[in-house]
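Below is one structure, written out as structure tokens, with a few remarks after it.
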Amino acid sequence: MTVTYTHEVANARLSGFSSLLVRWKGSVYKLFYKEFLIFITLYTILTVVYRALLHGESKVYFEKLCLQFQSYTDLIPISFVLGFYVTLIVGRWWSQLEHLPFPDSIMLLIGANVHGNDDRGQVTRRTLMRYINMAQVLMYRCVSTAVYKRFPTMEHVVAAGIMTKSEHSVYENVKTENLKYWVPFMWFTNLLSKLRQEGRIYDDMTYKVILEELNKYRVHCGSLVNYDWVSVPLVYTQVVTVAVYMFFVSTLLSRQYLDPDMNYSGHEVDLYVPIFTICQFFFYMGWLKVAEQLINPFGEDDDDFEVNWCIDRNLEISMLAVDQMYSKHPKLERDLYWG
Amino acid sequence: MTVTYTHEVANARLSGFSSLLVRWKGSVYKLFYKEFLIFITLYTILTVVYRALLHGESKVYFEKLCLQFQSYTDLIPISFVLGFYVTLIVGRWWSQLEHLPFPDSIMLLIGANVHGNDDRGQVTRRTLMRYINMAQVLMYRCVSTAVYKRFPTMEHVVAAGIMTKSEHSVYENVKTENLKYWVPFMWFTNLLSKLRQEGRIYDDMTYKVILEELNKYRVHCGSLVNYDWVSVPLVYTQVVTVAVYMFFVSTLLSRQYLDPDMNYSGHEVDLYVPIFTICQFFFYMGWLKVAEQLINPFGEDDDDFEVNWCIDRNLEISMLAVDQMYSKHPKLERDLYWG
Amino acid sequence: MTVTYTHEVANARLSGFSSLLVRWKGSVYKLFYKEFLIFITLYTILTVVYRALLHGESKVYFEKLCLQFQSYTDLIPISFVLGFYVTLIVGRWWSQLEHLPFPDSIMLLIGANVHGNDDRGQVTRRTLMRYINMAQVLMYRCVSTAVYKRFPTMEHVVAAGIMTKSEHSVYENVKTENLKYWVPFMWFTNLLSKLRQEGRIYDDMTYKVILEELNKYRVHCGSLVNYDWVSVPLVYTQVVTVAVYMFFVSTLLSRQYLDPDMNYSGHEVDLYVPIFTICQFFFYMGWLKVAEQLINPFGEDDDDFEVNWCIDRNLEISMLAVDQMYSKHPKLERDLYWG
Amino acid sequence: MTVTYTHEVANARLSGFSSLLVRWKGSVYKLFYKEFLIFITLYTILTVVYRALLHGESKVYFEKLCLQFQSYTDLIPISFVLGFYVTLIVGRWWSQLEHLPFPDSIMLLIGANVHGNDDRGQVTRRTLMRYINMAQVLMYRCVSTAVYKRFPTMEHVVAAGIMTKSEHSVYENVKTENLKYWVPFMWFTNLLSKLRQEGRIYDDMTYKVILEELNKYRVHCGSLVNYDWVSVPLVYTQVVTVAVYMFFVSTLLSRQYLDPDMNYSGHEVDLYVPIFTICQFFFYMGWLKVAEQLINPFGEDDDDFEVNWCIDRNLEISMLAVDQMYSKHPKLERDLYWG
Amino acid sequence: MTVTYTHEVANARLSGFSSLLVRWKGSVYKLFYKEFLIFITLYTILTVVYRALLHGESKVYFEKLCLQFQSYTDLIPISFVLGFYVTLIVGRWWSQLEHLPFPDSIMLLIGANVHGNDDRGQVTRRTLMRYINMAQVLMYRCVSTAVYKRFPTMEHVVAAGIMTKSEHSVYENVKTENLKYWVPFMWFTNLLSKLRQEGRIYDDMTYKVILEELNKYRVHCGSLVNYDWVSVPLVYTQVVTVAVYMFFVSTLLSRQYLDPDMNYSGHEVDLYVPIFTICQFFFYMGWLKVAEQLINPFGEDDDDFEVNWCIDRNLEISMLAVDQMYSKHPKLERDLYWG
């Protein structure tokens, strides 16, 4: 479920964004609290060991170790790597949103230009729109785990009324190892070609404009498949992940509060709770979680695209538009500002 | 109301941008003065406590605490996070501006190509443009709080003359849970199809070019709905907000002026007013406010898009263009440079 | 006047860019020398005060103040803020250049496809191109101070031969508070529609392709109006400006050369002239001036677009192309590589 | 083989990305383990020399050398250079993916609009699609080492059934030193023109829309040739590579653990294994390897595009679509939601 | 000559990019060795002066000066400025590559759709393509120094067979101060219009699609002229150049090895050769040279676009395609996978 919150911050005002901090759903807390518990447990164990178990030379050695880790911790170029990486991931994520296929343009054209009030006209318009929606569902089954769960087999697609049984058997007869989400597009163009010859589409121009919109729609579907096929290079993701994890492993030692009596510089006060390390955990792990959530927006994260809702919406709207609303518009009349 | 100021800085000159610093409307001061008052109050309280109430050991402990906070404050990677985040928000904001739907292209086509000097011709052209404007209003009602306030119910849309009563009842009969801003588009294409058949549009090419422009317009509307639907991931906003807030909470301690007599390094002078922290507050909080103001440009901030003005402008201009100016142009005559 | 210099650095060679450093027109020196004089004067005053007037304790206090300012100066995140801000401004600036409307595409179409060697044919082609140029001028009058100075009233537009008197009176009769740069476009499409009906345009396809090019041209004009309407958020500009100004105010103190005899670390040598601060002034103020110059490229800076030249060029070229060159091309003959 | 892994991280969850760290194929470990072995060997040699062979003054000199290198190592601006460079490379890489030519749009049009159930119709449709695939193969042979290995000579292209023998001889007769991947496009348009004249394409509009799709496809091919022709400037790659290599050469000295008894600051503990330098090696060398892998995505790296698979897929699908599926679609029938 | 090297690094492997380091042509060494010699000479002179000539107090003063310069050198924000600037330049450079006009799309259309096997048909097709190439050459003469050297006068263009003598005289008769690269486009559309009327182009659609491709081609030419007209603002280039030069001037002092006997911190070892400063020179000057080479890609640098080769290639290919290959395609036959 996409988390929509911009209406709450439509106006900048006192404490503007701060009201967003108390949300749980889709929040950074929900995403990383488990990692945080692990981290804080490990930190506590080390603290207890240091304070309760170590004495004399081993204590001093531990302290020196902490100091050395401290001087090296900041060598890890974590904010730079994260900044560039997250920008890349956010770019891909938004681009995928822009490529979600919506049938609205095609349905406006079909509804107004594939003529015929008879039964065949009605069936044709509905079938054309069903092909469009079918291609979408077939494509989403490949890229989205949520849709795949909803339609684990082609039988589920048939049961949902998106494909008829006879279509299913024709579909199964198209033999190829490759993805077949383009098959309904082929049916669409073949059917459209017939409709033009029958004269249900009145002119070549309209025929062409429908073909063009179809191709735009197909390009959207193909793009999502491409995004699914080619991920952000694994190497990049690994480098970033290791950077963040190593940073926090090293802070386990480097951010221990050392005995103030030893007079180590920067260790004058013993606060017990590593406040700033927790802050850093919040920022860096939170930033990494942004990437983790967006790298595949077709999963079931709080912030992933509601693709199943899209499918339902598209099917409902497109049937409504080309069937009930076919050729209808309100009576023409003079408007308020006439004359 | 959008704040337009580039004319004042059209030419780079002495103190160029500095003249912009004394504006209040749309200014950073107006946006963050409340936060600033809170911050400075808290800071003052701590200062007073430190100077007046603390003595002996508790004073030294407080000082050590401040010093430790000081060494950690700069660990918060605030400018990096803010830089990347604000760049993202500004990109979205501009992209939304570019997707504001303007009916100008369609009105040029309707005005010159939907023929008929009779009453029906006039009604038709006006109605087509009203559909276009109606779709815009219906879409804006979903994404803009300012427009929603202006048209809280569909009755207000009818009262404003954007929809007629009979259209309203037809509109209500389209039963779906989903957004219905596309309904006027469907009416538009249906009506247009009839006009082509009646011969009021003279040829298929013009019919097609109007359909194409309609689809561009529809894509603009759909994009704004998408921007409204999918916000910048909440996680990212939370991470950035917390980073900035924590930074300033930590400066409450870390930027206290400590007793110069204690000879803490960097605390030789007691200025009472934390000038540089105020500067930093200005930069970082100001930067965050840029994001806060732009994250939803359809609110009522000083710098938000004047959508209500757009609606009025579009309705007026499009009626003017397709009605009074229909088929008219000045008398052709030789120009100044003839021959 | 745009400053074109890339030809001088077409080839990378010894001291490549350094030859650009001695230019005055459009140079950074010209842009910021006034600010620099103010800065250096203030700095000198403080230096003189410190060296000549202060003694004993007040001298020490001043020195401590300088040292403290020194430790804080680098807290101002100036290069980050500037980097992101200037990138944004440069992006907008180039995008505006790309949207400058040029009538070349339309003139190629009009010249070859609006037929008729008679007087009316000639008048028509010229008028169509004049409408195109007129819309451009009307739009530029709103966004460019240079063009506004050239055409302060509509009478000036008429006097320049861009609009005829009768057109002017028709134009004045279009009553609206909003911008009217679209009016000539409406005349254009109305006239074009008549020409198609008269048969001066031979087919629907050509009619359509001219309409499409017109819409591209109109979108360019509309985009420039949008860029003018919605500036970079004032808040962002204020934050950046204040950051830079505050930085240099603080360097007035923090970069004073202190008495080497006091043995302050980093103050062993007294150079009198703050070389590095001058360098920093050069970089940061120069960088800010880049933004200042580009934020409104329609002013009269050395580097602003030569819009008045564009207007003249477009009018001349388009008249030439559709009038003298109408329907003409050199005699066809075999070329050098024939056979 | 492209490494697809986003399905594994579709949902953000505990240890999300960490599961990716144990993969070998396409991993950063596989890419840089050889460099790492060299680095660690050199480091060990120096360590052994220092600890076992050096004594007295030479030992002290070595230590001072290390300390000096240490102070300079961080002058190398490695993360900045890498950040900007990798962003550039990733941008190019993705852009190349977006330009991979896929024949789907054309095949939908050919399959539905080049009519004729007879033998000639069938041959024609197959030949048109073969031309499209042939152009792709000819282009890939120039840009991809993997495809070049598969088709080292034109005879291999003929043997693979992508070109017939007679086509090959015609192809060889086109005499030019330049790339000839455009030749099949020329055949395509010539054949298409004939088909229109024969009436196998029913109308001019469809003819045009096929030509338009062909041009889009050709632009994709041309773009990939351009990417191959113009690399990222060699200078940039050299600067980045030298920066990274020099950094690690300097760490060989600067990150040696010095004798704790000497009391050099920051050398209190002797860990033997340079953990943090290994981490840095991981980040920076890993980041460089991202660039190395993506700079030419048409090689045979784990993460390169599977172009040979594309070729097979495109040929199979396009033959299937225009031949078996020609003019066919499932029987029209009422769908589940009828009425 | 463009330096193509990606094939050498198609696969990431041991020492991947390092093989690129030993190239001379197009290398960073070739670009900056002169600057380097100057820098190292100046450095040596200062070293010799310091070591041989200075004694006593003047020596100490020099050392203090060096130390002070050292503390200020890093205030110059060189990597930030360079990072943003080079990114801007690289973006422009690639964008210019993408706008190089190639006549392939137009030649495919002309070759298949401008009919006639007779002499006039042949002349027409060749002439149309010559106009396209002529416009390109006229445009390149304005933007490219390499092309200008090849065609210093219009007579050279005539001599190269790109323009005939009679065309030249017509061209000269078009009187305007402005660029005239659009004149051949005007001839093109005029001729095309005649061909449609003669019936050599069979239908309006094809006529339109050629006009559309022509406009795309023209936009490419116009864009290159724009890039030539409006450079990156001089101010920005100056700021960056001065930053880099000042940095290295200041390192002349700040990176001198001081007498280790003086015990200045960080000057324990005297290495004579300033290794790290040389590294920095390599990075920063190399980075600046990337910009210097790319700022005008139409010069004669190793990495500039081979525009003269483009001109030859385009002329040859387009003549070949519309003349010899006119209306020809291999015999249709069943392919390998038939049935």
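Letters A, B, C, D and E name the chains as they come in the text, with residue numbers starting at 1 for each one.
By our rule, a residue touches a chain if its C-beta (ideal position, glycine included) is under 8 Å from a C-beta of that chain, and two chains touch if they have at least 3 such contacts.
Please read these numbers as outputs of a predicted model, since none were measured by experiment.
A.B. asks: If you apply the touch rule, which chains end up adjacent to both chain B and chain D?
C.D. replies: Chains that touch both chain B and chain D, as defined above, are A.
A.B. asks: Considering only chains that satisfy the touch condition with chain A, which of them also satisfy it with chain E?
C.D. replies: D
A.B. asks: To reach chain E from chain C by way of touching chains, what is the minimum number of steps?
C.D. replies: Contact-graph shortest path, chain C to chain E, evaluates to 1.
A.B. asks: Give a one-word verdict, same or different, on whether chain D and chain E use largely identical residue numbers at their interface, taking over half shared as same.
C.D. replies: different
A.B. asks: Quote the value, from 0 to 180 degrees and to the nearest 5, of the angle by which the CA atoms of chain A must be rotated to coincide with those of chain D.
C.D. replies: It is a rotation of 70 degrees, to the nearest 5.
A.B. asks: Using Cα averages as centroids, what's the distance between chain C and chain D in whole Å?
C.D. replies: 38
A.B. asks: Could you put a whole-Å number on the gap between the CA centroids of chain B and chain C?
C.D. replies: Here chain B and chain C have centroids separated by 24 Å.
A.B. asks: Residues of chain E that touch two or more other chains: which are they?
C.D. replies: Each of 31, 80, 83, 87, 204-205, 208, 289, 293 in chain E touches at least two other chains.
A.B. asks: What topology does the chain contact graph adopt: line, ring, star, complete, or other?
C.D. replies: Shape of the chain contacts: a ring, since each chain touches exactly two and the loop closes.
A.B. asks: From chain D, heading first to chain E, list each chain in turn around the ring.
C.D. replies: Moving around the ring in the direction of chain E from chain D, the order is D, E, C, B, A.
A.B. asks: What does chain D use to touch chain A in their complex?
C.D. replies: Against chain A, chain D makes touches at 2-7, 9-12, 14-18, 20-21, 23, 26-28, 31, 79-80, 83, 86-87, 90, 97-98, 100, 102, 104-105, 107-109, 111-113, 202-206, 208-209, 213, 266, 268-269, 271, 275-276, 279-280, 282-284, 286-287, 289-290, 293-294, 303, 305, 313, 316-317, 320-321, 324-338.
A.B. asks: Where on chain B does chain A make contact in their complex?
C.D. replies: Per the stated touch rule, the residues are 31, 34-35, 61, 64-65, 67-68, 71-72, 75-77, 80-81, 83-84, 87-88, 120, 123-124, 126-127, 130, 145, 160-161, 164, 166-167, 170, 174, 176, 178, 182-183, 185-194, 196-197, 204-205, 207-208, 211-212, 214-215, 218-219, 222-223, 226, 228-231, 233-243, 245-246, 250, 288-289, 291-293, 295-296, 298-301, 304, 319.
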